[in-house]
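Both complexes shown next keep subunit A, but they swap its partner, so subunit B is in the first and subunit C is in the second.
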Partner chain A sequence: MIELTINGRKVQCPPKSTILQAAQANGIYIPHLCWDRRLTPYGGCRLCLVEVEGQKKLLASCSTPAEQGMVVQTETPKLEKARRTVLELLLVHHPLDCPVCDKAGECELQDLAFKYGPSQSRFSGERKHEPEFLAAPLIERNTNRCILCGKCVRVCKEHQGVGAINLIGRGFKTKISPAFEETLDCEFCGQCVDSCPVGALGTKPYRFRSRVWFMEEQPNICPYCSVGCTTVLSLREGRIMRARGKDGVGINEGDLCPRGRFGFDFIESEHRLTTPLLRKGGKLEPASWQEALEFVAARLSEVKAKHGAESVGALGSERCSVEDNYMLRKFMSLAVGSNNLDSRARFGYHKQTGALKKAFGIPWLALDFNAPLAADVLFVLESDLTSTHPVYGLKVLAARRDSEATLIVAGPQETKLATWSSTWLRSRPATGVALVNGIMSAMLEGGLHNKDAEKVNGFPQLAEHLKKYSPGEAARMTGVSAEDIRQTAAALAAAKNPMLFASFGSSSNTKGEGTALALMDLAILLGRGPEALGMPPEFANTLGLQMAFGDEGKGLDARQMLYGNGQKPIKALYIMGENPAVTFPGTAKVMKALEGLDLLIVQDIMMTETAAMAHVVLPAASWSEKEGTFVGLTGKPQKFVKCLPETGLSMPDWKILRNLGTLMKAEMGAGNFAELAEETAENVLSAQLPAATPALTAVEQATTETTEDGYRLLLATGNLMQHSGSLTAISKNLGSAVSDAYLQINPADAKACGVTDEGFAKVSGKNGAVIYLKAKVTVEVPEGMVFVPTHFAHAGVNMLTSPPTNGEAPAVAVKVEAA
Partner chain B sequence: MNTKKIVKTIFMTEILQGMALTLKSLFSPAVTRQYPKEKRQPFPGFRGQHAFVRDAKTGKEKCIACGLCGAVCPSKCIYIYTKEDEETRKKTIDRYEIELLRCVYCAFCVEACPVGAIALTENYEYSDYSREALYMTKEKLLDNWDRFMAGPKGDEYFEKFWTPKQQSFRAHDDQAVFRPKGSNGAARPEADTRPEGVK
Partner chain C sequence: MLSGAELNEIEKELRAYSDRKMGCIGALKIVQRHRGWITDEALRDLAGYLEMTPDELDSVATFYPLVFRRQVGRHVILVCDSVSCYNVGYEELLWHLMKRLAIGLGQTTADGRFTLLPAACLGVCESAPAIMIDADVHGGLEPPEKVDQILNSYE
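So, the complex of A and B:
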């Protein structure tokens, strides 16, 4: 620790801190405009000047290292004069349009001018007269207000790893702009907007909607991915005006992705359900709650009496709270008497939990959010972490940037992590198992593995099995050179703290349980346990749903319920907050199963494609309209709060289920939310992770479907950074960034198929499904592979896919033609 | 009981004094105003019912939707909702409401307004039987201006009593001027990026 004196107070700070950091850590305020906790010091604004004893000049505290015994003054008449002059000069060019600037009231320049600045300037000067830049989606730019602190540029490049904007021009004409003054086309994460100290950057959905002093702030847990970021909502009269990250708030400490920052407007969508709907004469008609619930209770009892309780199934939701899912389980066991309970996690998260059980004997992973920062070699397998879990992905990026860790990215797509990687192993799609097997084989070959791993169960079998995957053989299967595989093995083996990353989402079809298992084998060979795995669950409450549903294998799972895998078909299905008709793989089969049901009950916040087929639709209150608990990747429950009134007649999911259960004469308990939360905390959230017992399992690379003539391209599906499941399709904000599905195709393939950029392509699968998509010709995907995001119902991508068998990933061979 | 009091009681001097005052008042002019029939002219700068200033040039309200009136309002009776004008893409008011029942007539809103868009008229006769009538909207407020403040009266109001902030903070004439290299700009350049009305 370094000891120094600031304003006559003895303070301590860790070595390598700057004076500004030392002061902040001790609660001493030094004004600044261009400094950001996350970024390298810039020293541009000259507001953080301090006086240091023995130094003639004033020093910029943000870029001066604190030294032992330094005597620093932060508020003296000399400094005040210097700061006043700096502000006065800034205000010469800054337009005084505070009355119409959305930043007014929380503007750092305004606050500082108020604190130090004179109310009248000694100077007047020419101001800029640029028009506002309003063409880009979501982000507006007013270069006249810019004070050129460069925070947005640095956040975008250094922190977010994008570099979409920069300072262009010289002198008076300098401004922030995308390259060649084109319209901004980036990730639209909005990090630049939050970092802007003035009103030069703003979010378009918030443009001129409210002044900051009219709004209340309400931090809430983001409902999208499993990171569990805290997004700070600004509320006015029961509406969310905007969402933003606040420095130091929540696990994300102020970072947000496009979904967390702009995705809140699904709540106000016109597609929201406002009243229960009952099918009368083939059409869904509005009904009262009493009518709808009595109908459901009567019909469920009817089906139960006719076909038995085991003919009733239910699907839970990874987006609903732990309490909601717990209530669904309770409803199914007490009111219905069936154990047929599953969710979309079957096609996503279960790939990973299945592997975890085999490899470590534990039911789930509790990740340490900051673990990537401590790792020295990071291996990412076929996953676009910065898209699936953007803020977690930032940690991987930060490890690469700040501690200069080795980042090895394997996968066919040119993701953001791939561009920032130390080594990018561009493998063929869906060959993750072969690649990891090759790496393990190379490790055993060179004797690089941890010797303790030899004592682990299954080691001899694995060693035998890996002979088939010699680096040369793996190179042939994956398209990565044998030399690269050996080097990766050596790098991982030499690492003190290696970490292995992969995300297993239901929308991604190139990784299966085997891929997860192979990675876990690799972790064991490296002498590491589950702590070396960076495998986040997919959605906000995927882990919570897993906990709430508890033991598996009691009843039918989603595959057996909806794909008719040799079981007695179910007759009634209760779907809570899920849209299988769009989001489940192989939708044709799902649709057939849904059509064949005697009773389909859909409880959702919006009119989905599945709800349109239902016999009865129950409107549920959405996130922020109800309270509950999410369990994200850390495995720690986080409460989200109710801050909006319910839409129409909608009710929280747990309440609907309780009322229905009570109507069916079951003892549901849960008189109010507090009671339910207590019960859930006791029964569900108190579960402890058992200690891991490693075991090695040999995994074969699943043979990718033969790509015969015509069907020679492999279709990979996945998700985008701007969207999440099919829910965000109703968000107008996110829709303005990406509104439709598209087909990413390599230029060489595009030429061979006769597809042009922005032209329409006909994509047909071997199962006879045909979809039409706009083509995006890009080198982001390699030859032989096409990529399509799955969020958009009307694109129907999941008509081409099929559900994983034995957890293995079925990559789809498709034919692409010009349409 | 002393002699002085006895004399007072016997001769009823206090009553006679009172009667004298009554007699005097009988012949002096009356001070009671016969209110509905006879109205009082308010003093200049009286703080009565609100009005939105109608800009003589544009014929519209002057308000630039900054919300400072709502921010400063001690009784929080001003509700201002803003939006982006679809054509000009400038900030405009969507709804502007004043709840008269809660207003304390402090005129802080007038003082805070940077452009002089709101005024308190001399009208004090607006009692009503319904709450709706006491809920001012943009249209009603503009109408008030036309009724009570139109013409030179409005100008005088802002000149004498409530000088808008924009005028008090105007740059003084001998201020130093910065001009970027290569520009031959005027000595006192006007910023056209500022919203209409803000100087």
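So, the complex of A and C:
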């Protein structure tokens, strides 16, 4: 620890701190405009100047290292004068349009001008009169207000890894702008907006909507991915005006992605359900709760009497709380008497939990959110963590940037991580298993593996199996050179703290349970346990749902219920917060199963494609309209709060299920939420993760469908940073960033297929399904592969995908033509 | 697409630096020498080649007045407007040039032959008033008619 004196107080700070950090750590305020905890010091604004004894000049505390025995003054008349002058100089250019500026009231320049004196400058000079830049989605730029601190530029480039904006021009004319003064076209994460100390950058949805002092702040847990960021909502008169990240708040410590910052408006969508709906004469008609619940109770009893309780199934939701899903399980066992309970996680998260059980004998992973920062070699397999779990992905970027760790990215797509990687192994799509097998084979070949791994169950079989995947053979299968495979093996083996990353989403069809298992084998060969795995669950409460549903294997799973794999087809299905007609692979089979049901009950917050097919639709209250618990990637429960009234007649999911169960004469308990939360905490959230016992399993590379004549392109599906499942399709904000599905295709393939950029493409599968998509010709995908995001219902991408076999929906061969 | 000749020269330039980014100013100058000015397309290609983002390279390019981000004529005339030249006939010289070429500062002649730009100082105060055409400095342009002969030698 370094000891120094600030304002006459002896304080301590860790080595390598700056004076500013030392002061902040000890609760001493030093003003600053261009400094940000996450960025390298810039020393541009000159407001953090301090006096140091023995130094003639004033020093910028943000970029001066604290030294042993330093004597620092942060508030002296000399400093006050210097700061006042800096502010006066800023106010020469900065317009005093605070009355119409959305930043007023929380503007750092305004606050500092208030603190240090002048609202007017002694100097006079020109002001800029640029029109505002409003053409881009979500983010507005007002260059007249800009003080050129460059924080947004650095957040975008250094922290977010994008580099969409910069200081363009020179002198007075300098402005923050994309290259060529084009319209902003970026990830729309909005990190720049939160970092702007003045009102130069703003979010368009919040433009002129409220003054900040009229709003109430309410931190809440983001409902999208499993990172579980805290998004700070600003509320006014029962509506969410905006969402922001606040420095130091939540696991994300202020970072947010487009979904967390802009995706809140889905709850105000006109597609929200406001009343129960009953199918009368072929049409869904509004009904009262009593009518709807009595109908469900009567029809469920009917189906039960006719076909038995085991003919009733239910799908839970990875977006509903632990309590909601626990209540669904309770409803199914107490009121219905069936164990047929599953969710979309079957096609996503179960790939990794299935592998976890085999490799380590544990049911889930509890990730250490900051573990990537401590890793020295990071291996990412066929996953774009920065789009599936954006804020977790930032940790991987940070490890690469700050500690100069080695980042090895394997996969066909040119993702953000690939562009930042130390090594990018551009493998063919859906060849992850072969690649990892090749790496393991190279390790055994060179004797680089951890010798303890030889004692692990299954080692001889794996060693024997890996002979088939010699680096040369793996190179042939994956397209990555044998040399690169050997080097990756050597880098991983030499690492002190290697980490292996992959995300297994229900929409990503190029990775299966085998991929997860191969990575876990690799971890074991490296002498590591589950702590070396960076595999986050997919959605906000995927892990919580897994916990709430508990042990499996008792009833039918989603594959058996919906894809005709069951011995006895189910007759009634209770779907809570899920949209199988869009989000499940192999739409045709799913539709057939749904159409064949005697009773389809859909409980959702919005009118989905599945709800449109239901016999009865029950309106549920959404996130922020109810309270509950999410369990994200850390495995720790996080409470989210109710801060808005329910929409229309909607009710929290758990309450609907309780009322229905009670009507069906079951002892449902849960008189109120507190009682339910207590019960859930006791029965579900108290579960302890057992100790891991490693076992090695040989994994074969599944052969991807042969791409014969015509059907020669491999279709990979996945998700985008700006969207989440099919839910965000009703978010106007996110829709303004990306509103439609598209087909990413390599220029060479595009030429061969006669498809042009921005032109329409006809995509047909061997199953006879045909869809039409706008083409995006890009080298981001390699030859032989096309990529389509799955979020958009009307694009019907899942018509092309195959029903899952072993918990995975494999990549499919498609034919692409100009349309 | 950067041409082979451009790439050759840029590669040579980059050898002097430990990081590709560091050579960006030299690389911009090379491309400008070949093409006359830096188009958006050239800048985007060059940024990729130097492992920079386009906005990063554009921020450098737009910072330097002698990196041209707009089309210029075949020859660029820089007219020195610093103190020494100002005192001994800058105004007359500029006026003469504007009349003769029928363009103002920052403009290009209709035939694309000349672009007229101001320069803060050419560093040849001893021969003020001075101009610089492409890489050649011409001083002692007093009276301004002296410049006519010089212009004729630039096609």
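Convention: the second predicted complex is superposed on the first by the 814 of 819 C-alpha atoms of A that agree within 3 Å, B and C clash if a C-alpha of one lies under 4 Å from a C-alpha of the other, contacts with A are read in each partner's own complex, and residues count from 1 in each chain.
In this section, a contact is a pair of C-beta atoms (placed from the backbone, for glycine too) under 8 Å apart; a residue touches a chain by one contact, two chains touch by 3 or more.
The shown structure was predicted, so the numbers you read here are calculated from the model rather than taken from an experiment.
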item	value
Combined model on subunit A where subunit B meets subunit C, clash or fit	fit
Subunit B versus subunit C as contact partner of A:92, first or second or both or neither	first
First (subunit B), second (subunit C), both or neither touched by A:766	neither
First (subunit B), second (subunit C), both or neither touched by A:170	second
Touched partner set for A:122, first subunit B, second subunit C, both or neither	first
Partner chain(s) touched by A:179 [first = subunit B, second = subunit C, both, neither]	second
Contacts of A:157 with subunit B and subunit C, given as first, second, both or neither	second
First (subunit B), second (subunit C), both or neither touched by A:134	first
Centroid geometry (CA): angle subunit B/subunit A/subunit C, rounded to a multiple of 10 degrees	80
Superposed model, subunit A: greater residue contact from subunit B or subunit C	B
Partner chain(s) touched by A:213 [first = subunit B, second = subunit C, both, neither]	first
Lowest inter-chain C-alpha distance for subunit C and subunit B in the superposed arrangement, angstrom	10
Residues of subunit A at both interfaces, subunit B in one complex, subunit C in the other	none
Complex contact set, residues of subunit A against subunit C	157, 162-170, 177-180
Residue ranges of subunit C in contact with subunit A within the complex	40, 43-44, 47, 53-59, 62-65
Sites on subunit A touched by subunit B in the complex	92, 95-100, 104-105, 119-130, 132, 134, 144, 171-172, 207-211, 213-214
Contacting residues of subunit B [partner subunit A, same complex]	64-68, 70-71, 80-84, 89-92, 114-115, 169, 171-172, 175-181, 183, 185, 188-189, 191-195, 198
